[in-house]
């Protein structure tokens, strides 16, 4: 659990973080989102003491971080930056093993953990274990960066715009990986981004930052349905809010189970686990207003209608 | 065999073999009654030469690298500007003049040579250390700090290894110039490979001059290639495919 | 920082000494100042106070004061030395010499260091140091410093010195000219043809690695051998020196020509040709101006290097200021050594400054378009 208590960070005349009080629950993915220069990266760096507050306290698991030696603190957390920040003169394996080595793990344990992580991040150990960072693609480098951050089993993972430099496809892949890893390890993730779609897709909760202040803190659904101000609304995006909202519920939630489809809907059924936005997209592509729904085994279980989609509050 | 290895072999061969090459030089320069420099053994001169260069370089490297590290730390930045200005002017000082000025201060012999070489050789090492350390990419520094490496660990495991090629280039330059200056130092009484040259020039004995020059040139080229090999070794990771 | 420099200033005070050549007797500061007269002591004191000011509080005014103080203190130290020398000469044999001691030189060096820092803070770079030499130059012109052994040496060697200086400058220019004439076309050609680059650079690098004294010497053999066949060609003297100097100057010039031309953005060239400029016009109007700053930088390095190499060439009979240095070394006449070495350094630093200014002008003329 991470707690900010009236934290302010000033450089001379400029206030990067202004009287922020915020509690990050254990096990959640909290996304800090804001425009460039809004102070979100500073907030992140206050957690691992890459920066120290001018006023206020930051507590991790009820301990004031100011009382912990910075190096000790950071070795307990994972830190991922854009591009990965991999050390170019070390192999992938050596990079990943950095924090375990700092903590004094024995060689065998480190070697085993490296293989574990390469597997976790879906990297081909055979080809990449002894490769150097310059030999890897951007996406691979970022995966190694995440692996490196997870090496010592941290309970907190800090990520500073990690996927900003990647193409959309790779970005989506890696977002999926983070969700999976989060589900498997249950660590607390604090994620900084300026991309609203990324925030909405990853977050348990979102904190919208502007000029050093938190202007809204809530679930993605809260942000979409009850934006705290026009500014937040604009940030979330007004033109396609409805489409975004459709992403938050699944077909299973809106299907008509008793309905049997007619012939026009029979051909391409849609899985009940897909979000409503996928259903809408399919309807647009096929030019129809209803789709057959199937379950995980492929058995038809009902229909979904366009009218049901639009009925959302 | 690597270029360095071959050159080293050639250098040693020449150093030890030159003493026996009297017939060859007698043939080249029929007018001379003393075709081979015999006042000192060539191996002894080589050793004397290396001693001076080694002593001066050790000082220059230690001081240069430490000062370079110190100046790039937060505490030392104030001196940075001053060092740059001094460095810029110091670069322009001809090594001969520095050597010459060391004599009034320290007398004749090997000492002024070592002091002059050390002072002159300090600059490239210092400047290259500063440049190398400052060129550590910022994101790597942040990543290293964020993972919990202490400043010392970052310096030793990240900054210095990455700066090594540049620092070694500075040391290489310092050493190669030092070899040349040490040869000239024979004029101030140092026992180096320059002695046959100076004696030869004074006595109009071209054979002496050639023998000294040959060894000096070989020494310089050999050490230069040695450094080349060393620098390539520190950047091997860049060439991995 | 201030404290460190401050303590450095205090040190030389303790070692201020003036030596007497024949008997080698050191004379310390206080005794010397006592003999020299109160004016010098007063100037020295004032100068030092002014110098300390920018160390304590580096404002613009303080830095100017520091420069003034340094000039004053250096001149005063020299003047005091001369005054004391005068005194000593009056009561001793006519063949005795009094020269400035190590302490005074160190004192001067430290003051120059402080002054250069002040000049840097004023953003005048190294050129700001020049005014510091002003008072000293005035004293020199007035002949006040004549009793010092260094200047007596100069007076005795006056003509030889002048000749050596001229010869030195001629050597440098004589090397730069041909080096440019050969090096620039070579560089242009090498920039266009990779094969030439692969051959030229290793060869030139090899030459650069060979120590100067060795290259000068290695040329003696073939050239004197040639001299047996072709009359007038000699292994020693000005010509071989020039040949070696040109060879050494080639690498920086060729390298920087290539770098400069490499630095011209491809798009600029394509745009120029697209607008209808012929290859020659393109080269003259686009490539040359853009590559000029880099070339000038290389020329600076070459010229400074040449000043130093020309000094070494005195060993093979080419004359120049090096001849004075070596004459002093061989005869154990240390004043002669200083008389030769200081001007070499001054010449090198002046050349460096000159070219830096030229480079800055050429960059400014391009308005930031060049690197």
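Every chain is named by a letter (A, B and C) in the order it is written, and numbering of its residues begins at 1.
As a convention for this text, a contact is a pair of C-beta atoms (placed from the backbone, for glycine too) under 8 Å apart; a residue touches a chain by one contact, two chains touch by 3 or more.
As the structure is a prediction and not an experimental result, all values here were calculated from the model.
K.L.:
Counting only C-beta pairs in contact, which chains form the busiest pair?
P.N.:
Counting C-beta pairs in contact for each chain pair, the top pair is B-C.
K.L.:
Can you identify the chain nearest the overall CA centroid, using each chain's own CA centroid?
P.N.:
Closest to the centre of all protein C-alpha atoms: chain B.
K.L.:
Just give me the whole-number Å value for how far the CA centre of subunit A lies from that of subunit C.
P.N.:
One centre to the other, that is 62 Å.
K.L.:
Measuring from the mean C-alpha position of subunit B to the mean C-alpha position of subunit C, what distance in angstrom results?
P.N.:
Computed value for the inter-centroid distance: 22 Å.
K.L.:
Find the geometric centre of each of subunit A and subunit B from their Cα atoms only, then give the gap between the two centres in Å, rounded to an integer.
P.N.:
The answer is 54 Å.
K.L.:
Mind listing the subunit B positions that touch subunit C in their complex?
P.N.:
By the definition above, subunit B touches subunit C via 78-79, 81-82, 85-86, 88-89, 91-97, 100-101, 103-105, 108, 176-177, 179-181, 183-184, 187-188, 194, 197-198, 200-201, 206, 209-210, 212-214, 216-217, 220-221, 224.
K.L.:
Considering only the defined contacts, which subunit C positions touch subunit B in the complex?
P.N.:
1, 102, 105, 113, 116-117, 119-120, 125-126, 206, 209-218, 220-221, 224, 235-236, 304, 307-309, 311-312, 315-316, 322, 325-326, 328-330, 332, 334, 337-338, 340-342, 344-345, 348-349, 351-352
K.L.:
Considering the complex alone, what residue numbers of subunit A touch subunit B?
P.N.:
48, 50, 70-76, 79, 81-90, 98-99, 102, 131-132, 134-135, 145, 148-149, 158
K.L.:
Spell out the residues on subunit B that touch subunit A in their complex, using ranges where they run on.
P.N.:
139-140, 142-150, 153, 158, 161-162, 237-238, 240-241
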